[in-house]
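Each structure below is given as C-alpha cells.
Each of the two complexes below includes chain A, the first together with chain B, the second together with chain C.
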Partner chain A sequence: MSSVPAMHTVQTRPRRRAPRLRAALPFLAPALLAYVAFVVFPMAESIRLSFFEWSGFVGAEQTFVGLANYVRLFTQDAVFWTAFGNSVIWVALSLVIPMPISLTLAVALDRRLPGRALFRTVFYVPGVLAAIAVANMWRWIYNPRYGVSEGLAQALGLERLQGIQWLGNADIALFAVFVAFVWQAVGTNMVLFLAGLQAVPPELSEAAELDGAGAWQRFWNVTLPSLRPTMVVVVVLTFIGSIKVFDLIVGMTGGGPAQQTQVLALWSYQQSFTNHQYGVGNAVAVVLLVLTAAVVVPYMFWTARRER
Partner chain B sequence: MRARRKTLISGAAAAALLTVSLAACGSGGGSDDSGTTLTYWRLSETNEATGAAFAEVLEQFEADNPGVTIQVEERSTDGHKEALRTALGTSGAPDIYWSWAGPGIGGDFVNNGGSLDLAEYYEEYGWASRFNDVSMSSITQYGGYDGIPSGYSGAGIYYNKQLFADAGITETPETYEELLAAADALKASGTDAIEFGGTVNWHLMRLLDNLLETECGADTFDALVRTEASWADESCVETAFSEFSTWSQDYLIADWASLDDAQANQLLFSGQAAMVIEGSWFPQVLVNNNVDPDDFGVFRFPTGTDRLYGDTSNNYVSATTEHPDEAAAFLDHLTSTDSQTTLSQASGSRSVNVEVPLDTEGGTALDATWGEIFESSEGLYAFNDQNLTLAQTTEYFRILNAVASGDIAAADAGPQFQSFIDQQS
Partner chain C sequence: MLWWVGIFIAALLWVLPLGFVVITSLKDEADILGTSLFSLPSVPDWGNYLEALETGGLMRSAGNSLLVSMIKVPLGLLVSASAAFALARIRFQYSGVVLAVIAFGAMVPVQVALAPLFQIMLATDLLNNPLGLILPYIGFGLPYQVFILYGFFRQIPAELDESAVMDGASNARLFFQIILPLARPALAALFILDFVATWNEFGIALVVLQQQESWTVPLAVQGFQSQFTTSYGPINAFTLMSIVPVLIVYLMFQRYFIRGAFAGAVKG
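Presenting the complex of A and B:
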C-alpha cells in the first residue's frame, strides 16, 4: 500500500515541476540576481582571492600563490590559532550559557505574571541595541578606575574583585567580553523560545498533570520535547551568530591585549583592511566559511527533509 | 500571458532600480552643471581656532574659484586610517586626503597606487622652493612627487611640574640614567611615573620606539626599521625590550592595557600620573581639556642621539581623482603664504611654508620650548607605525603588548619580530 502514493509522486512530479518553475522564475529572478550578485559572487571571489597575494588596491597586481596563504596561516601566523581557539571557545560558551538562561526566562515569562510584558521588553531590549553601542557601554562598565564594576566591588567591599583589568588582562578579557554578549543575546533567544512555548498544546501538560507528573517532569517530558524544533533553530542561529562574532570584540578590545581576544572574523578583517594582505585575510574567511558550512549545510538538509 | 508580461515588466523595473541604486553608490568628487566638488579627507580638528581659520581658508578658495566646492570629511586617528585603507584605489576614494608620510602609512598608499604623482604641478606652481628639505624629502622619498607638505610634529616627554617638584626632581633629565632616576623618585613619592593607553597600541609604542633609539643609536635604529639589520641579532634590541619591560612593570600605570590614549591622558591631567610622550600638538589638547598648559613642561626623550622623535604629514591627491587640476589649485592655495599665515597664527604651530615665520605671540611656554627643541634637534626618527609596513606594525604592536604584560620575555621579542619579517619577505 505504501508504495502506491510514492509511485504517484514519482510519476506526477516531473510533469508539474517544469511549468511551476517557469511560472515562478520571473518572481524569483530579482531576488536570485541579487543573491548571486551580493552573496554567491563575493563568496566565490573570496575563495579565489585566498589563493592570491594582493594588497587590495584596485591597480595592484594579484599574484597567484597557490596554497601559500593557507600554509602561512596554519604554520606561521602567530595569531591565527589564537583566533581559531577563541572562536571555538566563543561558540561553545554561546551554546552552553545564554541558551539555558533564555529558556529559563522564556518559561518564567510564559506564565501569567504581573508585569510580564514589561519584563519581556526589558530582557529583549539589549537584543535590539547596536553591538557597537553595547560594546561602548560595557567598556565603561569595565573601566578599572571609573567603571560600575569597580564601583560595585568597592561598595560591596569585595576586595578580590577590585582593581581587576577586565579587558586588559589576557586571561579574562575574552570572558569579560562574553558577559556583554550574554547580556545582549539572551533576550533574542528568549523571544524565540516564547514563540515555541505558545505552540505547545496546553492539553499535553494538563494531561501529564492529571497523571501525577510534577512541574519538573512536565517540563522535562512534555515542554522540552515539544520545543525541539525551536531548539534546533536557536542552536543553529546561535552557532552562526557566535562564530562570526566581530563587532563586540572590535568595540571592547580590538582583539587585544596582544591579540589574546582575537577571533577569526576580526582577524580576517584586520589581515585584509588593516594589514592590506587580502590573500591571507580571505584565507581566514574561507576557514570561517568551511567551519560554518560544516554545521549549516547538514542543518539545511535536515530541514529540507522535514519539510518534504 | 498578461500576467507573464506584468511579471517581466516588474522584473525589469527591479533590475533597473538595482542598477540605478548601484550606480548611485559611488562617492568622491563629481562634476555637474553647477560646478565641481572636491572631497577632502582629513583628521578631525580639535582646535576651535584652527578650525575657524581652516574654514576661512576654504571660503577664500571657493570665492577665488567659482564653481569649485570643497567637501571636507573629518575622522579620528584610527577611523581616518581605516577609511583611507578601505577607500583608496576604489571609486569611493576622496580627491584629496591628508596622511602621515612615513612608509608604513602614506608610503603604503603611494606604493599601491593611491597617490597621484604631482611632478607637473610642482613645476607649474614652483612648489619645491616653498618647503624646506625635511618636508620635501617626505614628498620625494618614494621616487616621484607624492603629495604636498602639510606639517611636521615633534614628540617629547610632557611632565607635571608639581609632581616633579613633589618628588624632589629639580632639573629635567638630560640622560637616560637621569630619566630612570626621575622615574624612581616619582615612584618613591607614590606617583605613577608615566601613563599610556594600551588599547590603541600606538600610544604605548612611543615608549618602545624611544628606548630602541636610546639603546641602538640612530644608525642601527634606522637599519632596524628598514629591516636592513636583524632584530634577532642586534643585542641592543633585547636591551631595549628589557628596559621597556622594566618601565611597564615598575613605572607605567597599572591599568594601561584597559585604557585608550584619551582615558590614560586624563590621569596626567588630574595629577595621577607624571609623564607621557606626546606631540607638539599637545598644548592645545591640554587647553581643550581645561588644563593649564603652564602646569606642564616638555623635554626631548634623552636618547643621546640629538634626533627629534616625530613625523611629517602630507596632503595627497588620489590617483583616481577626476579633477587633478582643481585639486592642485586647492593645494596651492592651502600651502600659500597667506593661507599658511592664517593657519599658523590660529594654531601656533610651525608652518611647512618657509616664508611663514612662527608666530610666538600669545603662545604658551610649551610652544616656546618646542621652538627650542626643533632648533636644537638634528634629524628625525619617526614613529614606528609609520616606519614599518602595515603587517609589521600589527606584529610590532602584538609583541610590545605581550612584553609589557609579561607574556613574552624581552629576550624572545626581537627574534619573534625578525621571524615575522623573514616570513613576509
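Presenting the complex of A and C:
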C-alpha cells in the first residue's frame, strides 16, 4: 500500500478522474463483492482464527490465545513437521521431475510428426480429469493383489516388485502418489512449453544452424534462453499447484499410513474439520498462505515491472 | 523417426492407466480375481456400469454438478468480464491496485479459506445448497478470468470506444454491444476451462456439501470409492463415468481449450 500516496501525487487531474470511478463501479461492484466476501474475508478470518482456540461448533466460545496455536504447531505437533516436510519434498520433486518431461515432450511435439495432434491429446487429457478420479484410477493401479503394478511385476518376472504395498508402505507411499501427480501434470506444462516454443523466432535457430551449431547446441543456446519467460510461468504455476496438493492425497491415502503422506493443505483441513481444532487448523492455513506469498508476491512485482 | 518412436512409447505409457481402468470396468468379479490383468474380459460385463449407476447416485450428483456449472460458469464469466471491462476500458484512479489485489487471489490456495467458508455457509444457511458452492466458486474463479480478459480487452484499440462514446453510447452499451462480442474467442475458451474446473472441484464441495443428496460428482466418486472398497469393477466403471462429461467437453472444444488456457499465461 505504500505506493498509493505516490500514485496520488502523480495524478494531475483528480477532478476529472472522480466521475470515472463512479462510472466503473457498477461494472466492478459484483466482482468486488464476490471477491471480498468469499476470498478476502475468509482469508482474513483464517488469520484471525489462528490466534484463537475454538472447536468450530456454533455457540462454542472463541478464546484468544495469542501465538499459542503456532507455538503448539511448531513445538508439539509432530504431524505438522511431517506435513511441512512432505509439502517441501512435493514442491521440490514437482520442479525437478515433471518439468523436464514436459519440455522434452513439447520439443518433440513441436516437430511435424505423424499423429502429432493425437499424441498431444494423449498427454494432455489426464490434466482435465478431476484429481479425485485420477486418485481412484491410481488406487486401482497400486492395488497390491489385483492392480496394474502387481500385474506388470508378475508379467515381467520382477519378483522384487511383487506384493509391494505401494500406498500402504510409509516409506514409499508419498512417492507412489507423486507418480500419479506426474501423470496428470505433465500435459498441462507441455502445452505451456508448446505455446512458448511458438514464440521462438525460427530465424534464430536457422542462423545458428548456418553457423554450424548442432541440434543440441541450438537447443541449449537458442531455444532454452528464448523459453525463459515461459519457464518462469511454468515454475510459478507448478509451485502454486504443488503447494496446495489435496485431492490426490485425500483420494489415495487420506494422509496415511501413519500420517506419512500428510501435507500442509490436508493437515489444515483435518485439524479444523476432523479434530475440531479450528485455531490450529487455521494456523496451518496461515503457514500455507505465507509460503505461497513468499514465492508469488516477488513474482507479481517482477511481472508488473516487465509489463511496463 | 527416433523422435516418433520415443513419443509413441511415452504415449503408450500414458494411455496405459486409463486403458486398464476401461478393461477392469468391463470385467466381472470372477474375471478380475481369476484372469490375468492383461486379458480382455471374457464377456464385456456392462453390469458394473449399472451397479455403479444404481448404488452410487451418479445421476443425482451429475444433476447437481450440472446445475452448479450451468449457473456458475456463465454468471461468473459475466461478473469477471464486467470487472475486466471496468479495469481495462474505464480505468479509474486505483485500477492498477485493484487489478493486482484481484490477481493475487489466483495464487491463494483454496484450503486457506476452507474453514471460514464453512462458517459463512453455516451462518447463512447455505450448507448443502448449490448457492453455497456457486458463490465461492465465483469468488475463486474471478482472479484468473479477470486477468486473462483484462489482457484481451487492453488489446482492443481505444479508438473503437471513443467513436462509440462520441455516438452517444453508454458504458453499458459499449460493454455489451462492442467489447463482449469482440472478446468471444477468449470468452469461449474461458467458458470451457471454467466448466471443467467447476465440474472437478473437490475441496470447497467437501466442506459445503455434507449431505449425500447434494453431492457433486467428485464427492460421489470419493464416496463410492470409500464405500465399496472391494467392488473393483463398479469402482472403475464409476470413475470412468464421472470423467465422461469432461472428456466430451474437452474433445469437442479442445481448439479453444488449449488456446484459452494459456492465452494470457505466456507472452512471447
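Quick notes on this structure:
Just so it is clear, the second predicted complex is superposed on the first by the 282 of 308 C-alpha atoms of A that agree within 3 Å, B and C clash if a C-alpha of one lies under 4 Å from a C-alpha of the other, contacts with A are read in each partner's own complex, and residues count from 1 in each chain.
Convention: a contact is a pair of C-beta atoms (placed from the backbone, for glycine too) under 8 Å apart; a residue touches a chain by one contact, two chains touch by 3 or more.
Keep in mind that what you see is a predicted model, and the values were worked out from it rather than measured.
After overlaying the two complexes on the shared chain, residue contacts for A:261 are found with neither chain B nor chain C. When both complexes are overlaid on chain A, the residue A:56 reaches chain B and chain C alike. Of the two partner chains, both chain B and chain C are touched by A:34. By the document's definition of touching, neither partner reaches A:242: not chain B, not chain C. Touch counts on chain A: comparing chain C and chain B, the chain ahead is C.
When the two structures are aligned on the shared chain, A:273 is found in touch with chain B and with chain C. Of the two partner chains placed by the overlay, chain B and chain C both lie in contact with A:143.
Of the two partner chains placed around the shared chain by superposition, chain B is the only one that A:167 touches, whereas chain C remains out of contact. Annotation: chain A residues 26-27, 30, 34, 56, 58, 143, 273 touch chain B in one complex and chain C in the other.
Across the complex, chain B is touched by residues 26-27, 29-30, 33-34, 55-60, 72, 76, 78-79, 142-145, 163, 165-170, 253-254, 256-260, 270, 273-277 of chain A.
Residues of chain A touching chain C in their complex: 3-4, 7, 11, 14, 17-18, 20-21, 23-28, 30-32, 34-35, 37-43, 45-46, 49, 56, 58, 105, 108-109, 111, 113-114, 119, 121-126, 128-133, 136-141, 143, 146-148, 150-152, 155, 183, 188, 191-192, 195-196, 198-199, 229-230, 233, 237, 240, 243-244, 246-247, 250-251, 264-266, 268-269, 272-273, 278, 281-282, 285-286, 288-289, 292-293, 296-297, 300, 304. Interface of chain C with chain A (complex): residues 3-4, 6-8, 10-11, 14-18, 20-21, 24, 32-33, 36-38, 79-80, 82-83, 85-87, 90-98, 100, 102-105, 107-120, 122, 135-136, 138-140, 142-143, 146, 171-172, 175, 196, 199-200, 202-203, 206-207, 217-218, 221-222, 225, 232, 235-236, 238-239, 242-243, 246-247, 250-251, 254, 257-258, 261-262, 265-268.
Those residues of chain B that touch chain A in the complex are listed here as 4, 7-8, 10-11, 14-15, 18, 82, 85-86, 88-90, 108, 112-114, 198-199, 201, 254-259, 263, 319-320, 390-391, 394-395, 398-399, 401-402, 405, 407-408, 416, 420, 423.
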